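Each of the next two complexes has chain A plus one more chain, namely chain B in the first and chain C in the second.
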Partner chain A sequence: MGKVIVITSGKGGVGKTTTTANLGHGLAALGRKVCLVDADIGLRNLDVVLGLENRIVYHLLDVVEGNCTVSKALIRDKQHGENLVLLAAAQTREKDAVNPDQMRDLMKVLRKEYDYVLVDCPAGIEQGFRNAVAGADQAILVTTPEVSAVRDADRIVGLLEATELHDPQVIINRIRPDMVRRGDMLDISDVDDFLRIPILGIVPDDESIIVSTNRGEPVVNDQRSRSGQAYRNICRRLEGQEVSFMDLQGENFMQRLLRRIRVGAANR
Partner chain B sequence: MLEFLGRLLGTSDGSKTKAKERLRLVLVHDRSSLSPGLLESLKEDLIKVISKYMDIDESGLEVNLDKSDDSVALVANIPVKNVKRQGKGK
Partner chain C sequence: MNKDVCRIKGSRRGLVITISAGADFAEVLRQLQEKLSAAEGFFAGAEVKLAFEDGQFSKEQVDALAELISAFGMSLDRAQPVTRYSPAPSVGEAYKEAEPAAGEETLLVRRTLRSGQKIHYDGNIVVMGDVNPGAEVACTGDIVVLGSLRGVAHAGIADRVDAMVFAFRLEPTQLRIAHYISRSPDEKQPQPLGPEVARVVDNMIQISPYTHWGS
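Presenting the complex of A and B:
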């Protein structure tokens, strides 16, 4: 029986979909069978981030409404094939076209086949959120070191508690070490002080995320990228390994340059 | 410019301090919207504790969160019927 993990944030644009895509790829690379579910009905994007937008035939609502079998609707990843599949969201429907009970039933089916079912939650706290958290065993919150994002994350912690989804963990995304250094950005311990939930990972702000999203190839596969490394670390932690947090402060320009050259040479 | 100089001299904090303070206040407000159930059980506990020291009119008990711009206070209005003698009721 696999685990169902919902990836949520409250606030939009903090990196839920990117996180879902990268954890999916990262876990599949560790040899796990992973199913990604886009619960953002009406505003689907996980397909694009994964580079699978041209392969969608059926979607989540087709499955829920019995138009096709689950296995028929699952889209296989280009790289990992059967070990990483996507259940896309419907694009021309609305969030209330599905209800929490239906989602719970769907998760029951998926968890039988997959080690991890990762649900990409829509922004907001309405029906889409309630659908996405239904049937989840665990929640990962994504936030950025900003007042608005941390505030929304705090609200989500309360709402998760109310839906009996206890012990969420948080990923602090888009940290900019230079700004933290000069006191212009909340640091990890600040966010920790406010949220008081276990930190699953810290991800530095990284241009290669945009490049990889442009290409539809998650950054976790890029051995040279710092954010890719951060996502690989998170995947190993999900697998129960002890992995210490990345040192975001310790690296100056020269070290960064040297590391790039080293890893670049190793990849060749 | 002054801020830049201050930062050079290490006398001025970055905007993070401001962010932390604002976030703290916002969270105090957000978290202070107590659910009716929580407020009820708070009332019951209050009655229990205060009854040890004085007789109170339970039906007239009011407990509210008073929010102003930079603070949140728990305001309780508890009509007292009689104060018990000191040394008793502990």
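Presenting the complex of A and C:
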């Protein structure tokens, strides 16, 4: 029996979809069978981030409404094939076209086949959120070190308490060590002091994320990227391994410069 | 006819259904059904909270109550499972002064209140956890937060100017005591070093470091 994990945040634009795509690729690379579900009906983009947009024939609603079988609707990844599949969201419908019971039934089917089912939750706390958390065993919150994102994450933790989903974990995304050092950005302990839930990972802000997102190739596959490293670490933690957090502060000027040069060379 | 085991009480901010100590669950369900149908439609659309005078009911039982409540067009706010503690009947002669006013009860909240969560209570409130920004605590008596208070706290809502707000870290978005309102300064303030208490002094809410009541 696999685990159903919902990836949620409350606030939009903090990196839920990017996180879902990267964890999916990372877990598949560790040899797991992974199914990604885009629950953002009407505003789908997990398919784009994975570079699978042009392969969508059937979507989540087709499955829920019985227009096709589950296996027919699952899109195989370019790189991982059978081990990483996507159930795309419908783009032409709205969030209320599905209800939590239908999602729960769908998760029951998917978790039999896959080790991990990762659900990409839409922003907000309305119907789309309620659908996405239905049938999940575990929740991962994504937040950025901004006051508004952390507030929304706090609201989500409160809402999750009211469901069967207890003990969510948080990923702090897009942290900029230089800004933290200058005192211009919330640091890890600020976020931790506020939310008081376990931290699953810390992902540094990284321009290569934007490049990879636009290309449809998750950064987790890029061995040189620091954010890719952060995602690989998160995947290993999900697998139950003890992985210490990356030292974001320790990087000095020379190391930064060297990295820039290396990244620059790789992009050429 | 059995004694009243469940009472529906409306406050300014919502409905609370209070279940008596030692109540038989079947009897609770029956009485609630009776009361709600007597008031058919009157409460429709309201959000209801449950309060238990002793312990809590099991999840199944709360589910059954929620079902009944929703059958009457209301919704149950489960974000706030609350347990009520009545004050001990007698504490002995020496502590007589410390006894709460007659009829004043204290609600013990053993969790952190997060953004969007609200607690309103007729009596005092003690929160064993934090009150985060976006959360709200309001009551007719005193508020004690055994943690950080960063949200909104309103003590003495029935215009009790002697009410007070206590917190280990008192950094509220807004503080209200009776009809007085104060907000946190817009500039960043140095963090308070220890427990603080807010009270109304000279028609203003004043915050001072907590020292023992006796002193």
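We adopt the following convention: the second predicted complex is superposed on the first by the 255 of 268 C-alpha atoms of A that agree within 3 Å, B and C clash if a C-alpha of one lies under 4 Å from a C-alpha of the other, contacts with A are read in each partner's own complex, and residues count from 1 in each chain.
Keep in mind that, in the parts below, a residue touches a chain if its C-beta (ideal position, glycine included) is under 8 Å from a C-beta of that chain, and two chains touch if they have at least 3 such contacts.
Remember, it's a predicted structure, so these values are computed and weren't measured experimentally.
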| item | value |
| --- | --- |
| Chain B versus chain C as contact partner of A:Arg151, first or second or both or neither | both |
| Chain B versus chain C as contact partner of A:Val243, first or second or both or neither | neither |
| First (chain B), second (chain C), both or neither touched by A:Asp184 | first |
| Chain B versus chain C as contact partner of A:Leu159, first or second or both or neither | second |
| Which superposed partner A:Val211 touches (first chain B, second chain C, both, neither) | neither |
| Partner chain(s) touched by A:Cys68 [first = chain B, second = chain C, both, neither] | neither |
| First (chain B), second (chain C), both or neither touched by A:Phe194 | both |
| On chain A, the residue positions that both chain B and chain C contact, one per complex | 151, 154-155, 158, 194 |
| Chain A residues touching chain B - in the complex, by the definition given at the top | 146-147, 150-151, 154-155, 158, 179-180, 182-187, 190, 194 |
| Chain A-facing residues of chain B, complex | 7, 13-17, 19-20, 22-24, 26-27, 30-31 |
| Chain C - residues contacting chain A, complex | 78-79, 111-117, 130, 132-135 |
| Chain A residues touching chain C - in the complex, by the definition given at the top | 151-152, 154-155, 157-159, 161-162, 194, 196 |
